[in-house]
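Same chain, two partners: chain A is paired with chain B first, then with chain C.
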Partner chain A sequence: MTRTSNETGAGTGPLAQRRRRFRDFVDETDPGALATVGVMAVSLLSALAGFLAVSPLTIIPFAVFLVSAGYGWLRHQGLTARVLTFSMMVSTVLILLLITVFIFVESIPVIRYESATVFGVSIPGLRLFTQTQWDAVSPPIRYSMVPMIHGTVMVTAIATAVAAPLGVAAALFLSEIAPPTVREVVKPGVEILAGIPSIVYGFIGFTILSPWAADQFQTVGQGSYLFVGIVVGLMALPTVVSVAEDALSSVPESMKSGSLAMGTTDWQTMTSITLPAAFSGVSAAVLLGVGRAIGETMAATVMLRGVPQLTKPLYNAFYGQATLTSLIANNYGEADGLQMDALFVAGVILFITVLLISIGAQYIEWRMHRKLGGDV
Partner chain B sequence: MAGATRTNLVKGDTSEANAVAAVAVAVAALLFALSLAALFELVTISDPVGGVPVVTLLGLILAALGGAVITFGVGSFLSYVETQPSPSAGLVATTALSGVWFTVGGLVASQTLGLGGLTWLPVALLAGGGAFALTALPREDIGSTLPAGALTLLTGLVFITGTIGPAWVWELGFQQQASFTAEFVIPTATLFAALLSGWAAAKAYGGFGARGRHMGAYVLIYLNASSIVGVLFVLVAFTAMKGIPGLLNGARVGLGVGPAVGPVALPVSVPFVMNGAGLFAEVKGVLPAIVGTIWLVVGAVLFAVPLGVGAAIFLTEYAERGRLTQVVEVATNGLWSTPSIVFGLFGFAFLVPRFGGNKSLISGMLTLGFMLLPLVLITSREAIIAVPDEYRDASAALGVSRWQTIRSVVIPAALPGVVTGIILGVGRIAGETAPILLTMTGGTFISGGQTVDVIGGFRFTTSPPFVANPELLEATTALPFQLFALIKAGVGLGDNVASPEQFQWATALMLLVVVLSFYAIGIGARYYFRRRLNHE
Partner chain C sequence: MSDGTTSGTGVSRRKFLVSSGAIGAAGLAGCTSNGQNNSGGGDGGDGGDGGSGGPALLTAEGSSTVYPISNKGSSYWNANAPPSDGEYWGSNDEGQVPGWNEIQTDDNLADYFAAKYGFEKTGQRSNPPYNTTVSLSHSGTGCKAVRDELVDIGNSSGPITAELGWSEEKANEEVVDHVVGRDGQPVVVSSDIYDNGVQQLTGEQVRKIYQDEITNWSEVGGPDQEIFCIGRAEGSGTDTAFRLNMLGSADAPMPGVDSRFGQNQQVAEAVSNNDGAIAYMALAFTSESVQPIGIEFEGTLYQPDKDAENTIFDSSYPLNRDLHMYTKITEDTPSGTDKREGAFLNMFLTNFGQTVFVEQNNYIPLPTSDIKSEADKLPEKA
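Coming up: the complex of A and B.
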């Protein structure tokens, strides 16, 4: 509060103020400490630059950084700790940036290769989405993302249909209904469900579920979007449960008690007070579950057929070909050159979609907290 | 209340009627269990039980259940049973029931009656509209029981008359062939009808109205929660059952039978865990994969924990809320939800070229470290925020600097939460396959002699970077990758191990044991710390 009033009161713009604050900081700090911190910053930055440039000399600035940090820790612990933790915080943003840059850069060649001309304008990467043929071996070599996007959409839709209602119901159970002793059993149970490695789900799906499904639905060969969707839904379930539970329990107790005091049943309170108040949080939970389902790799890789083509007809969920994730995991071995870059395109699509979902979910949660008057 | 005068007259019936409704709920639960058993072929639908085929038996129970539900509803409507129904069954019930009847009507018209073209649509609309009218318009006791009970009755009659018998098949006529078989349809339809009339019966048991809806919803929610726990239990128990024979293959207990650890020989020998998969190993095992997993986890923890905890400290203790902290929060949550395979791609493009150009252990470690980072940051941040401000104020009042407060007050108080978060995060990354697929994976069957030895691998060199560790720069294997490779190897596996299936299940069990023990420790630690906190 005070800070904002200062900023508006000074009237010199944030940049000038930042400069002044920096000058104050330099004036107040002991020059020895300042020098140490300066050496640390410069050496860390050059180590990073060296690492990015694949230089064998990276070790030298990194060693300088370690030595200066050690010296700073002994002599000026407070400031050193502050600078160290600051650089650690920056590194998380840096990693996200690096991921974005590197997977984008790797995917550029195939985006160029698959450009298409519309009205005389060449749009790079358009053909990835306008034709449906993936053929990496025999000419004409074509890379299309359409079959994989179709697969991902199918799996995600089925998984959401499984995870959303069951997850929200389980969250209601945990946060509103369950007696304490039952909660103590069910809650760790849900957590452990999240802990079972996806490859174990995939293995059980592959050895038990897929043959069973092929037998039940008399399909040719094994692998269906339907059952991959169900398994992935089960894996997304814990995410939905835990986030939705947080949202439900952040509804102020006074609202619930107020309703119960009117003589309503618990269920009426839940449907007319708790759920509407927590609605945005619960939808954020479902969104995050969708994000998990989109990114699920191993179960899809093991259980699907791995042939990048559309199912016929499109809504035939009893056949499963490939998803964006399974494409990468299936083909990384033999792929090189353009085909490897095509895998990176799949990665870019996944990354952007899931990042947007994550940001959307955060926005929704933030709005809910503001609405309920809790601290953000 | 309008029903107040009637209440005394029908009081005697109430308990009996309630008992009937309770029995109906119980029958629905029984049907639910039975249809699950049939779905997974624990019970075959064509076999007779006591001279009656299972299908007919299911049909009879369903018909009885449907009849009971309808009778109860009508009884309540005619005031034979004391209830407090609302004027209408409500929006959710109406939508659900009309949707179901629309589907059933359409399927019967197009498939059973064989009407071609779009002629199924009027029938479907008729059925859906009828159900809509029946649910929405009359009082709740009719509205919620009649459509549900009638559907159950219809399902039962279809099974009894043999319209859908054990040999029934519906070829969907897709270009890629698929069909519904009786083995799937009969249990699924039973399951669904049981759920629907179980809900209606529970509502009836509660006497409709607000209390009835409460009962109906609670039955479904309890069922959901217990199914989730049930699925978990079945998954773990099934894997354990299938995996234990392979895991204990050739295991011995006795003095000095195991491999030597230092000067003493262990008193147990479990070859599957203690052997590699070398050519001459009597019982092939997964020791290299276990060691590989451990080193991966150690590397990831060494990288991610200092970074994550440090970032969390800066975010909560130093940073003022503003643009920067918001960006960090968005980035952290973005990293948290980034798909694991994308981390793999990133490791392949970023780390692999920087560590010798080959897949290597250290690339795998760092890739998993990137994945662990947001988990550590989020949980540490929560733990640090949860430290009460009084602690900080009390320390600051002593005239101590900010960093000393953090070091000697905030971090010790937040430590339990941080440690628990780290353990749970480690449990998650230990089972990840996708990121190491592109960054670390080597061969599948690695002999015991090739087990990685990171500590013994360090060498000093004269040229930069002066320190080398060939063990870190070589690909090795890990449990999740091993399982993936075993699945992919399929039939060819027979050349390497005597019983491929046993070996696969044992590997799966071993992976599950490793990962779940992290979870068990994490959850246990949380309970321990919470209890200690409550006692203080």
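Coming up: the complex of A and C.
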């Protein structure tokens, strides 16, 4: 009996094969364990359904799930653990998916509101990017994302200009030049720096750096992209140093020795062998730093002016208006209606940008892995 | 009190409400047995109209804006702290409450105020002559509740005429309006501007500054310095009130604003750190480097001085609104305010009450003249 089903299954492709494997699993497993796992699965699914329906009864299937999981853990630990870890993985993915969908759905009204007509075709959301005025209160009410995108680009560019050269240089020193003792002390120290809460940087920026800058550059009041960029760059520095150092030290020793054997100096080896070999890893480090700069909220919010408009001229970094993150942080408490939805649009833009950057960093890392084959 | 933030309608007040709401709810739970018998009647003037023996529980309900004042008063009242406490009532080695010099009594807090209206003192901590409780809802709900005699005091941040659509006459027939404090913002400038001659502006000048028609202090008699114009979070209650009262309409444009902040602390910090700054914010955050200025509005100069003829604490000052506690006129109390209500409200109309319950919640205390006229609305003291 089993044999025949095996044969037919194998004959009709992967789906049937999977069905056959499932049947085998059911046959082999103790019915008690199977029942427990079944109860867990059903109760968890109905808890999910209850959650989505915002039902107060959600607690019941969830409690059933907890009890059956507890029972299963005591009686059939192996199988229960498999089911539990699997369901945790699924719920992580599901939660992320729900958040993403929620952000997109919430932003729809303002995307509709900011439709613009091009050649007789109405394109939703186009006006968010084709004009530059943001005014949530006085008519004409406009929610342009351009000033915030401009602000984010300015801050990120300045932060990268600070973090990339400093970070790569420091990483090069730590990896290639510094004696091992220095490296063992400094590297963890730098990584601890990455853990300083951003509000601390923001606080110093708001109370000390910004007023000083306003005084020195004689701007009207405080808040400049230049100094926000510098502060955010310093915040991103530890990440860049740490990841770039990993990349540099993963270059195989044999490559460096080979170069040195040809009679090059240490410096020549670094510039012509080590850096090019680790180039993709170093780029990933810089990209991670950039990602942090884009997403940085607290420091930007307290140091910027919070008035969404373009600076004049565009490259004027001595005035700092708003970034995508600071817009959300400044207004979430008071916004309602379309203004709230506009904040979600800022969230969507951030989401997509950071997603692209982290995919880019992953890709580069994967390439490096393939190229050198070493541990990263 | 609270965490000392926005006096407009900011987030922090909500936070404060959440925390104090819990206290209020606990207080409510503690007195329900006492209250259920009597809460309907706003007529327990001489005490003892219910089964519980003492005077009826005093109930209040309404606006979340008035709630911090009302609820803090109620908490202080119910605690009935002895004069040796120092922190909540009276004085000791560690300190004394504001306005104590005018009070100087040996009685506990609630005993002192209640005795003025002939209630019996208990002399015990946590056991006032009668308990008080404040519920949190909305201005309109508070007005309706006092109209229907469901509560003794209806808290409202808007006039009852607007909340219930009443005429002035109807309101005067039905309820008595007790103003206990004000919500609003003085206009402030940084000290360099204040010291260089700009100590008052006209409403029109403020409007022009915020609408980018005036961009230099020299245009209004100050030094040659660009104006750093600070506003509040776009669309917040404070922002809307400012647009409405200063700029003419709730959706008036504000192109002159250089910077916007969500919290009073940030505004105060930015004003004191930058030259040539102008802003509007809660009074409690003004200081040497953040100076409130006088505003001339329609021919009247409102001065930042409590005892002046017209002050920025007046209700006619355009950035202010009154915070009301309404009491109902009934057959038993034709004056509208019975003795229980009178004793409780009187607590707010002292320097102690104004400082502790109004100013410490970041509201504007009443000027001296208004305290007098409000006190005249209360029943005769025993």
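Here, the second predicted complex is superposed on the first by the 355 of 376 C-alpha atoms of A that agree within 3 Å, B and C clash if a C-alpha of one lies under 4 Å from a C-alpha of the other, contacts with A are read in each partner's own complex, and residues count from 1 in each chain.
Assume a residue touches a chain if its C-beta (ideal position, glycine included) is under 8 Å from a C-beta of that chain, and two chains touch if they have at least 3 such contacts.
Worth saying up front: this structure is predicted, and the values here are computed from it rather than measured.
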{"item": "Partner chain(s) touched by A:331 [first = chain B, second = chain C, both, neither]", "value": "second"}
{"item": "Partner chain in contact with A:210 - chain B first, chain C second, else both or neither", "value": "second"}
{"item": "Partner chain in contact with A:305 - chain B first, chain C second, else both or neither", "value": "second"}
{"item": "Chain B versus chain C as contact partner of A:31, first or second or both or neither", "value": "neither"}
{"item": "First, second, both or neither for A:120, with chain B first and chain C second", "value": "neither"}
{"item": "Partner chain in contact with A:267 - chain B first, chain C second, else both or neither", "value": "first"}
{"item": "Partner chain(s) touched by A:220 [first = chain B, second = chain C, both, neither]", "value": "both"}
{"item": "Touching partner for A:135 - first (chain B), second (chain C), both, neither", "value": "second"}
{"item": "Touched partner set for A:186, first chain B, second chain C, both or neither", "value": "first"}
{"item": "Superposition-derived comparison: chain B or chain C, residues of chain A touched", "value": "B"}
{"item": "Touching both chain C and chain B, counted on chain A across the two superposed complexes", "value": "206-207, 215, 220, 302"}
{"item": "Chain A to chain B touching residues, read off their complex", "value": "3, 51, 54, 56-60, 77-78, 81-82, 84-86, 88-89, 91-93, 95-96, 98-99, 102-103, 105-106, 166, 169-170, 172-174, 177-178, 182, 185-186, 188-200, 202-204, 206-207, 212, 215-220, 234, 237, 264-268, 288, 291-292, 294-298, 301-302, 311-313, 316, 318-319, 325, 328-329, 332, 343-344, 347, 350-351, 354-355, 357-359, 361-362"}
{"item": "In the complex with chain C, residue positions of chain A that touch it", "value": "135-139, 206-207, 210-211, 214-215, 220-223, 302, 305-307, 330-331, 333-336, 339"}
{"item": "Chain C residues touching chain A - in the complex, by the definition given at the top", "value": "10-11, 226-231, 233-237, 239-240, 243, 250-254, 257-262, 266, 269-270, 273-277"}
{"item": "Touch list for chain B against partner chain A, complex", "value": "40-41, 169, 172, 174-181, 183-184, 210-211, 213-214, 217-218, 220-222, 224-225, 228-229, 231-232, 235-236, 238-239, 306-308, 310-311, 313-315, 318-320, 327-346, 348-350, 353-354, 370, 373-374, 377, 401-404, 406-407, 424, 427-428, 430-434, 437-438, 463-467, 480, 483-484, 487-488, 501, 504, 508, 511-512, 515-516, 518-519, 523"}
